[in-house]
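Scroll down for the structure; my scribbles are underneath it.
The chains carry the letters A, B, C, D, E, F, G and H, assigned in the order they are written, with residues numbered from 1 in each.
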Amino acid sequence: MDPDTLRQLLEQVASGQLAVEQAQSRLQYDDLGFAKLDYQRAVRQGIPEVVWGPGKTPAQIGILLARLAQQHPVAMATRIEPGVFQEITQQLPQVRYDPVARICALGEPLPQPGVVLVVTAGTSDIPVAQEAALTAELCGFTVKRLWDVGVSGIHRLLENHDLLRTGDVLIVVAGLEGALPSVVGGLVAVPVIAVPTSIGYGASFGGVAALLGMLNSCASGLGVVNIDNGFGAAMLAARILHLSNREKQTSS
Amino acid sequence: MDPDTLRQLLEQVASGQLAVEQAQSRLQYDDLGFAKLDYQRAVRQGIPEVVWGPGKTPAQIGILLARLAQQHPVAMATRIEPGVFQEITQQLPQVRYDPVARICALGEPLPQPGVVLVVTAGTSDIPVAQEAALTAELCGFTVKRLWDVGVSGIHRLLENHDLLRTGDVLIVVAGLEGALPSVVGGLVAVPVIAVPTSIGYGASFGGVAALLGMLNSCASGLGVVNIDNGFGAAMLAARILHLSNREKQTSS
Amino acid sequence: MDPDTLRQLLEQVASGQLAVEQAQSRLQYDDLGFAKLDYQRAVRQGIPEVVWGPGKTPAQIGILLARLAQQHPVAMATRIEPGVFQEITQQLPQVRYDPVARICALGEPLPQPGVVLVVTAGTSDIPVAQEAALTAELCGFTVKRLWDVGVSGIHRLLENHDLLRTGDVLIVVAGLEGALPSVVGGLVAVPVIAVPTSIGYGASFGGVAALLGMLNSCASGLGVVNIDNGFGAAMLAARILHLSNREKQTSS
Amino acid sequence: MDPDTLRQLLEQVASGQLAVEQAQSRLQYDDLGFAKLDYQRAVRQGIPEVVWGPGKTPAQIGILLARLAQQHPVAMATRIEPGVFQEITQQLPQVRYDPVARICALGEPLPQPGVVLVVTAGTSDIPVAQEAALTAELCGFTVKRLWDVGVSGIHRLLENHDLLRTGDVLIVVAGLEGALPSVVGGLVAVPVIAVPTSIGYGASFGGVAALLGMLNSCASGLGVVNIDNGFGAAMLAARILHLSNREKQTSS
Amino acid sequence: MDPDTLRQLLEQVASGQLAVEQAQSRLQYDDLGFAKLDYQRAVRQGIPEVVWGPGKTPAQIGILLARLAQQHPVAMATRIEPGVFQEITQQLPQVRYDPVARICALGEPLPQPGVVLVVTAGTSDIPVAQEAALTAELCGFTVKRLWDVGVSGIHRLLENHDLLRTGDVLIVVAGLEGALPSVVGGLVAVPVIAVPTSIGYGASFGGVAALLGMLNSCASGLGVVNIDNGFGAAMLAARILHLSNREKQTSS
Amino acid sequence: MDPDTLRQLLEQVASGQLAVEQAQSRLQYDDLGFAKLDYQRAVRQGIPEVVWGPGKTPAQIGILLARLAQQHPVAMATRIEPGVFQEITQQLPQVRYDPVARICALGEPLPQPGVVLVVTAGTSDIPVAQEAALTAELCGFTVKRLWDVGVSGIHRLLENHDLLRTGDVLIVVAGLEGALPSVVGGLVAVPVIAVPTSIGYGASFGGVAALLGMLNSCASGLGVVNIDNGFGAAMLAARILHLSNREKQTSS
Amino acid sequence: MDPDTLRQLLEQVASGQLAVEQAQSRLQYDDLGFAKLDYQRAVRQGIPEVVWGPGKTPAQIGILLARLAQQHPVAMATRIEPGVFQEITQQLPQVRYDPVARICALGEPLPQPGVVLVVTAGTSDIPVAQEAALTAELCGFTVKRLWDVGVSGIHRLLENHDLLRTGDVLIVVAGLEGALPSVVGGLVAVPVIAVPTSIGYGASFGGVAALLGMLNSCASGLGVVNIDNGFGAAMLAARILHLSNREKQTSS
Amino acid sequence: MDPDTLRQLLEQVASGQLAVEQAQSRLQYDDLGFAKLDYQRAVRQGIPEVVWGPGKTPAQIGILLARLAQQHPVAMATRIEPGVFQEITQQLPQVRYDPVARICALGEPLPQPGVVLVVTAGTSDIPVAQEAALTAELCGFTVKRLWDVGVSGIHRLLENHDLLRTGDVLIVVAGLEGALPSVVGGLVAVPVIAVPTSIGYGASFGGVAALLGMLNSCASGLGVVNIDNGFGAAMLAARILHLSNREKQTSS
């Protein structure tokens, strides 16, 4: 909110033209015309508002990142293609970029307790897994990675059983038939977040086969997110770990 | 073919009105009006023509079974509901019935070399698995059964690894996400036939989730059949074992 | 496992015919032929193996419940129609039944810390919500209920904002367009589990519209389960609260 | 219709070769061979015939716009890509172009009573919303815009409740789960037109998730249009406001 | 709200324990536990809250109708099967029932200006059309009906052109290919609401063919509702006519 | 049209209140309120208007059949279940019924030149084929039948090559994969009408697999109709043979 | 077949090594390795084998066209993009090309009796219509064209009623909701071939909406072909007109 | 595994820090970080692990091929576009490439008994068929090819009946309606593997029509693989022939 608008708003409050409540609400988000940044939600949820790249111009993304960076230790944008990053970087030279995860970021997160273990069925699933992993790191969590342990070579997974047990939350990323979360869900007791990917061809229908596999899993208690939604998986992990950390603080 | 028609046909051959070739072709199948039983195909394929029950009246099924039993050691009909069986049995008292597999049969098969191992992910998949198992037994093969070893409790499957190795062909039956054939396909080298079942609800879409899971399996070299098609799976197993038995005879 | 089989197994271990490891694995589950009850998984996951009713006979369900009740304080079966319950109760008179949730249960849970708040968009969503609520109660958690706060009358939801904040985990149940989890997900910071229901008609396609709505939610960090899968939602809540409780114990 | 054809037609009427009625019908539309412009419909409906760009050559679009501009104060074409506009402008230099709405237009509308409020769930929905807004402006209505008030930050919408009440018709544009019209439909009593957009990925299926969400809305009385059909939404708004304006004139 | 709860609430307001605003909000809806009746919405929208029958018990429907009838001149419930009506009528003997529209109603509407013309493509579409017509009548509007004028006999429609012109809003109901709204939309200038029905078989997919036909109509400015949603069509007509009536009052 | 209405109409013509043209149009169809019977279309097309049973009451079907029988030598209704026929027959005792084709009929057709050959892939496809065959017979054409010549026993089809060549139009009826029209279309030069049936299970999706097979046929020049639409196939055959018969008359 | 292969074949016949029948069959098609040209089918069907372009190299298309041109007066290839035509023309300079229909052709057809009227709903449907029209012309039929008479401006169609009556067969091409064949089918008695096009966006799903509209048409007796399959429509028209012409010859 | 890691691992075994079993398991696969190559599976299955190209960088593919070539006589990668091959060849100059099958390979296979006959319906199906054929050749089997014998010209197939009988396993590749495996399955007794291709347009839905056709085949005992999955078909053929060869060895 620019200074003039802010002063005007406060004067309206002072004069009784604007109720205190309405003023508070207007201060909760930043109206840029093409977007309304919701700072209050970030406070409510302990998760920063994040810029979703598709359908936005590089200029819009740059403005939004800059605004977010003024309010939060970390600002980030997802689904950023290399060419878009090139344009943003001219506006905001300090922006970092991970080309595998396709994430732009500014700032450094405060470390948070909690280990997120990100697991993939195949090598081709790594970009989605990396979107999840980097997002979780930008939230401040410790992240471990276990790549290419798909179920057709089950011994590769079982061999890493000790590693599986070190995760507080598991994010399991798989395309094709999406069976890995079912097996992992039977091996661990912690929350398992299942991420279908669009890896496959023919009757994979762009990830639908994997999505349906995960929704119909014979392992109970999986939380499923949208196809290729590594970011959303990390957000669910963050909600879960924030709850645990709150409990930890409460009880200690 | 009734005697009159047959005599007429042979007279036509004798008089040159009908070519030998055409006569042979007409003798290859039995035209009942509502159906044409293809005995020749049975000879060609080493598999009896089987009556598929739905959309046929009990009387039609009875006639077809009786005709088949005249030509083959075993005659069978699939997808027979108990009430339909009751009606058939009045026409053909010697017919046997398996209410789980929903199969009617007449006659005893000649034993054939070859072990078919039928595996299910869950208890609810048993009827489809039993259709496969009973069909394979009616073809004369040895059948072994392994029920309820779904992937969410992977140790139940791995514990039975020795049993898995005893099958010459494996028929793996699973509903829900249909992941079991992917794991089994990675554990054995023999042919694996994947049978999706309609067991599930919601986004299982009557077995589509399991079907897609099997078509997109990360284990290569699975042969998939239609949803709930235990019969077809046994037929594919029969084709495979006939080939092996032929090879065995050839080489010995 | 019956005594003879057990003695035989132990003798094999004693004689070296069976490796210790294999014996342990066989003792981990109970092989009833038609089913293999996985006690070890219950230990691994802190969640009892639960009997899913469809496709099983009342006799099978009764046997499984009785076995589970020998090993766990609570045994339960889901998707049980009233007629099926009537048959089970003749075998197991002590079984309780909730006709709205369609759950059979035996035994009393040990109370666990953690509040699960179950919310519905409409009155017609209550059966699925009740399946989630009763399952969570049978796991020992405290459950609160908030019915009929769908988004077309948004003030009914906002009025209950204080209640929303009391849940450690929220299970949000909605049919039709399935929009409620998106709004709730923006109001609270704790984990939100979204359950689509098959309530609707025409282009709701048996809950697909609600499922897609939840998978594509503009609120990030929702965990989605299958259509009408109230049980699975409670299982995910249990995994999350077990983690929190573990953290609480660790830190105190 | 070119002069020669017209004279020929009138001579046929004069000579009795052509019935008056048929002549009238032929004068109602302009047959260009590749297209038949229906002027009469415009008169019937109070809405100009509009050129839909896809599948037409720039030359065809230019001819159609020129013809329409001879008959109506405003001529417009939708779904015009920048390159197509470049080619049209060489033929018709006076054509205006809005690159966000992808609309070409000629002429100025006569102002009409009625306020159309166009609302979007997100920033990425703006192009579709702008197609609706510009079309409504070209029909002569007053248009107000409210961008980025999606339901996951519900306070952004509620804060603008006063603005919502100023619209005679609301056009609500949303991708992803398409939940915004449900909430808006519960807040206002005027007609709400719901426009799903193709914004999203994975299980949004190019806007199908949003479309289904709107068709299954728990708010009753929404009129839904095709995915990304901002133009159609404005046309429905025009039909509604024409009715209101007619009523106003009738009653005054 | 029962008297005790009301008095308690007012005492809390009097003592300052409850803010005036919160008290107002609580008085806006009636919390029955299994449902929250939103009276305020009715006031906001000029449309009564209506009970949707499926998934509710007859007892619940009866309670809701009785409550609504205390607040509104008309109370109604949709999708009520004859057997359900029989049970409701024991509880509420004064309830009326239309077996074609499957609507229960109490009370008499105040007449409202505005003519709703309901049109069907075939005889089989009448039940859905009747749901729309009766709902509009219960809102107080004048309703006209035109049945069986499907496009394969186009002269039946054109012959009734004068009748078509008498509607202020048209509700066009069609199954099969759902083409009628396209033709009607080209003949009239007033708002056209398109209602697909599930009438058809095979590739009609329960009304999906008709729904897609209407969403893709070559006539612009149609508002589409869900399959078989005659009620929703009437609600949209009511929103439109309320706007016109408001304009009429304003201008007079 | 009842006598009073007719006299009234003619008086209006006499007095100039009704234009000749409008009177003609009103005489072209019979308005029964719930239906508008289009006699003129029958004249235009040489095909009687036929009553489609579903969604109509037995009383409505009876009235429509009686009216049609007054205008045409043959009146018929399709998709009539046995119980519905029982009720119609009390109203119209002279109605005939074919329980396989589910067709009711009155009157005898005038013989027409032209041979329609109806072919099925399996025994279960006979009801749909019989609907086509009986409809063609009621149009007066000669009908031949060839049942159960599906492509998996290709010799059964080739053996009947001579019979195939006797049809002027072929109607080929198949469920499952719907491959028969592709083979037949390559064997004959006359028009081939492909009718998919809903025979099958699992991934046949109620006939969708067969429908897609026929639409994608490698044999060019097939005309496809809706799933199970034997009636529509016969109507297309009638249009084709009417053209041929017209040509024959013209040229002779 | 090259001379050496031919001589070899004939010598085998002479020596009795090859049966006459087999030799005849081998001479019926031309085996090019990558393709088998079926001359006999052309003789059987009166329709030349046509080259379908997609998935073939320009060189393969050129060879196939050249071979066909040796056997038939006309050789043609469909779905040829301009760049592919450029490559073919270097090999076969005499090939003609229609860029709208995307058809390559060699030779001139012999005129055949019969008028094919091709009708489109919109301007954007012309390329598919032109594929049908040009194919029919290459078969030797007279072709008439009526463009842009979609049902939302029904008077444009009715005005051309006289033209509609001049077609022996009508090919009706429409995208969007595909309603035009339903109206046309009610206006004419001759065969109507319905061609859905992929023109549209959003919920048109690449022509599926139009396809479903045509399959579910309320006008009976339409023959539907695949989406965008103008060629197949012309082939069906050719089969129909060949039958009529045969009848004409027979009767005269 | 690099020497240091290997020595470290063996020292851990020697010192008792690592169990023999765990060491064996780690030696069974090669952990490259981004991928885990499973040598043991190759031993178990007699089929080399193969690199699936999509979603992997050329560098990753090169590394994986090189590693595989150290362990197996043949290493191969599928779905390799020409540009990717160009990059791999700079790293691994000895790699061969088949541009039609899009396969890269290193090394020469050991000949294996068994004939795989690959059959296509059309010329456009050759690339998928060639992927199957080349894979089978790289496994050491004899491969025969029969191209362009689709069912609309059934004599082309029947003429090659002798060739069909020479295959031990048949791989039948077809797009469009996918009918060829049904006919072939009725002609031969050996295992038939059905491969749908994405060849087609419109309602072929990228191969779904062919896939459904094969899953619903009226010929029993087909094994279906994913759309365009020539590789998977060859792997199933290899499993089947390995079984036969094992039987041959056992019996001789």
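One rule holds for everything that comes next: contacts are C-beta pairs under 8 Å (C-beta built on N, C-alpha and C of every residue); 3 or more make two chains touch, one makes a residue touch a chain.
All figures in this text were calculated on a predicted structure; none of them were measured in a lab.
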### Task
Using the contact definition stated above, find the chains touching both chain C and chain F.
B, E
### Summary
Between chain G and chain H the C-alpha superposition rotation, given in steps of 5 degrees, amounts to 90
### Message
Centroid of chain F to centroid of chain H, CA atoms only: how many Å?
### Response
49
## Note on the structure
dist(centroid_CA(chain D), centroid_CA(chain G)) in Å evaluates to 37
### Task
Calculate how many whole Å lie between the centre of chain D and the centre of chain H, each centre taken as the average of the chain's C-alpha atoms.
53
### Message
Quick check on chain E: which residues sit in contact with 2+ other chains?
### Response
41, 122, 152-153, 158, 186-187, 202-204, 208, 211, 215-216, 220, 226
### Message
Taking the top-of-page definition of touch, could you list the pairs of chains it picks out?
### Response
A-B, A-C, A-D, A-H, B-C, B-F, B-H, C-D, C-E, D-E, D-G, E-F, E-G, F-G, F-H, G-H
### Message
Under the definition above, what is the set of chain H residues touching chain B in their complex?
### Response
41, 44-47, 50, 168-169, 186-193, 211, 215-216, 220-226, 231-232, 235-236, 238-240, 242-245, 247-252
### Message
Could you list, by residue number, the parts of chain A that touch chain B in their complex?
### Response
121-122, 150-154, 158, 176-179, 182-183, 185-187, 200, 202-205, 208-210, 212-220
#### Entry: Parts of chain A lying in touch with chain H, wherever the complex brings them together
122-127, 147-149, 152-153, 155-156, 158-159, 199, 201-204
### Task
In the complex, go through chain B and note every residue touching chain F.
22, 25-26, 28-29, 33-36, 38, 40-41, 52, 54-56, 60, 79, 196, 198, 206-208, 211, 226-229
